[in-house]
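These notes open a run of structures that come right after.
The same subunit A turns up in both complexes below, where it pairs with subunit B and then with subunit C.
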Partner chain A sequence: MAKKIVAVTACIAGIAHTYMAAENLKKYAKKEGYDIKVETQGAMGLENRLSQDDIDGADVVIFAVDTTVQESDRFDGKQILKVGTSEVVKDGQAAIDKAMELVK
Partner chain B sequence: MSEKLSSFISEKNIVMDLDAHTQDEAIEQLSEILKKNGNISSTEGFYEDVLKRESMTTTGIGKNIAIPHGKSESVTDTTMMFAKNKTPLEWNSLDGSKVNIIFLMAVSPATQGNEHLKMLANLSGRLMDDDFVSAIKKAKTTEEILNLIKE
Partner chain C sequence: MEWKKFGKQLANHFQTGVSYMIPLVTAAGLLTSIAVIFGGQNVWNQTSNIWGNLRLLGQTGLGFIPVIIAAYISFSIADRPGLAPAFIVGLVASQMGTGFLGGMLAGLLVGYLVQWLKKIPMPTNLMSVKSLIIIPFLATLIVGLIFVYIVGSPIKTMTVGLTAWLKGMSGANAVLLAALLGGMMAVDMGGPINKIAYAFGMAAFTSGGYAASTAMLMAIGIPPLGMFLATLIGGKKLYSDAEIESGRSAAIMGIVGITEGTIPFAVADPVRVIPSIIVGTSVGCAVNAAFGTIQKTALSTVMAIPFSSNWFLYTVAIIIGVIVEALLVNFLKRFTRKNKTVKEG
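Moving on to the complex of A and B:
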């Protein structure tokens, strides 16, 4: 079965990097054949909200954030890779690889 | 949708031959156009807010593209400017590349959940798509850019 990733992206202004990071994570997760769901916490609020089932069923969590994750208690007990949004925008592949490294 | 898009971006939001010599000059010139277009109330106020954001982390996202943006009280109507600069500009980019493609986003703090904000989010996401980026780079006319952004 394909590995499952859930991710949250959030930047300071919530205008651009939140959404670029989300797309880049999806792009490289798909390329590697992983399932991925990404919640964006931007200027429009929480979108594509991850359910507790999504989170519980995930192998690994990626926080691509420059600010605090809202409702982060949903992720208690999970393996979490925390990176900045710029890092993910620059190199989505590396973020996915690092996350998978955590749960090897 | 197309009516909304037209109010969001039209010919007057696109500059194919910007002639700035520095990053600050590019932001300033584009701010002046936003003022002329009636999207911001103060060139100075908006410019300062964009530079403030710029000072936190670079908006040079790589591949010769920059997306300076400001959430600013000076913005009356959330919108964006697209520009191609005649020469590549130093922008402290993530990949070290110089910038000649600029998307300047102007966001009013009052636009939570606004359609224009969705379009900026959507456009930002598409900048991760290599095909979209290469089409933007190849485009030579205002019309081509408009069509790509509206796609």
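Moving on to the complex of A and C:
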């Protein structure tokens, strides 16, 4: 079965990095054949909100954030990779690989 | 705790505070700008017409900056229980005249105190008392009194000193500050460093330090505009079709003031693009500071042209910055890239 990733992206202004990081994570996760769901916490608030089921069923969590993740208690007990948004915008592949290292 | 990790978390907390502050600054800054532009200088002390009332709306919003910074830094540190005490202390700090600095400190103190209080073990049947009464009461009491009796007046003195220094700044210092702010605004195109400069510029703006806010606001549009010009000059020799397309949207983003329009170029070729936008933006801002042109609105680069103290020199400074950036990036692309053909991506 394909590995499941859930991710949260959030940058400061919440208009560009947030969404570019989300796109990049989706792109490279798909390339590797992983299932991924990404919640964006941008200027519009929480979009594509992750359900508790999504989170519980995920193998690993990626936080690509420059700010604090809202409602982070949802992720208690999960393996979490925390990176900045610009790292993910530059190199989405590396973020996915690093996250997978955590749960190898 | 490791210091490096702590520093990173601290940065995250500040950035969360700033991210909640941005819409407030945009709304309040634009309202104040419109009021002053159309109502003239008398809007500051009357509400007898629409412009005076717009000024009232905007000024109220700007006065709220320290409060919202305090509240959301604390929220970032301690989550929901950090919010209410920080609103109260933030407002007190703001009324004491401690400005942006006071707001940041209030947020940190309340946030860490609440987080610490949350960790104190309590019998289960007293948990509700703790979250409902003890934490909000103690956090507000303790940090509030610290502000009133201890840190309030030194911070006010610092804020007043900083404001006077910013307002009085001229000549070489002003040029240097403008260049620095310009470079910081450009370096990560809307990222954390950009927002530090932004927060500094807006703090200066609210206390009348227009030289700093002019430089910071001018820097917003230069990176995308410069890349647009670079794609025009460089054409298909240096840029892919996708990049030329990005160049057109970058032009629009540059005009409305979204530095992020430069990101596609920087992602594709960071080594050449990022230094070029830093240099171009620094130069533009520095030239403007050397001219001594300022603008007293919260509008960015192009949109502020009509309101600058000398629209001709102000425009010249923008154009110089844009041209320097475009020429530099094209020069770097032409002469330092081994594979001169453009990859279609």
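We take it that the second predicted complex is superposed on the first by the 104 of 104 C-alpha atoms of A that agree within 3 Å, B and C clash if a C-alpha of one lies under 4 Å from a C-alpha of the other, contacts with A are read in each partner's own complex, and residues count from 1 in each chain.
The criterion applied here is as follows: contacts are C-beta pairs under 8 Å (C-beta built on N, C-alpha and C of every residue); 3 or more make two chains touch, one makes a residue touch a chain.
None of these values were measured; they are calculated from a predicted model.
Following the overlay on subunit A, a clash is recorded for the pair subunit B and subunit C.
In the superposition on chain A, A:S86 contacts both subunit B and subunit C. Shared-chain residue A:D54: touches no atom of subunit B or subunit C. In the superposition on chain A, contact of A:T67 is made with subunit C only, not with subunit B.
Looking at the shared chain after the overlay, A:E32 reaches neither subunit B nor subunit C. Within the superposed three-chain model, A:E23 lies in touch with subunit B and out of touch with subunit C [touch as defined at top]. In the superposition on chain A, A:I12 contacts both subunit B and subunit C. Of the two partner chains, subunit B and subunit C are each touched by A:A43.
After superposition on chain A, the stretch of subunit C that runs into subunit B among 23-31, 113-121, 131-139 or 203-211 is 23-31.
On subunit A, the surface patch touched by subunit B in one complex and by subunit C in the other comprises residues 12-13, 15-17, 20, 43, 66, 84, 86, 89-90. Interface residues of subunit A, counted against subunit C in their complex, comprise 10-17, 20, 43, 65-68, 73, 84-86, 89-90.
On subunit C, the positions that touch subunit A within their shared complex are 12-13, 15-16, 18-19, 22-23, 76-77, 79, 188, 190-192, 195, 258, 260, 263, 267, 270. Partner subunit B is touched in their complex by these residues of subunit A: 12-13, 15-20, 22-24, 27, 40, 42-45, 66, 84, 86, 89-90, 92. For subunit B in complex with subunit A, the touching residues are 53, 56-59, 61-62, 67, 69, 71, 94-95, 105, 107, 111-113, 117-118, 120-122, 124-129.
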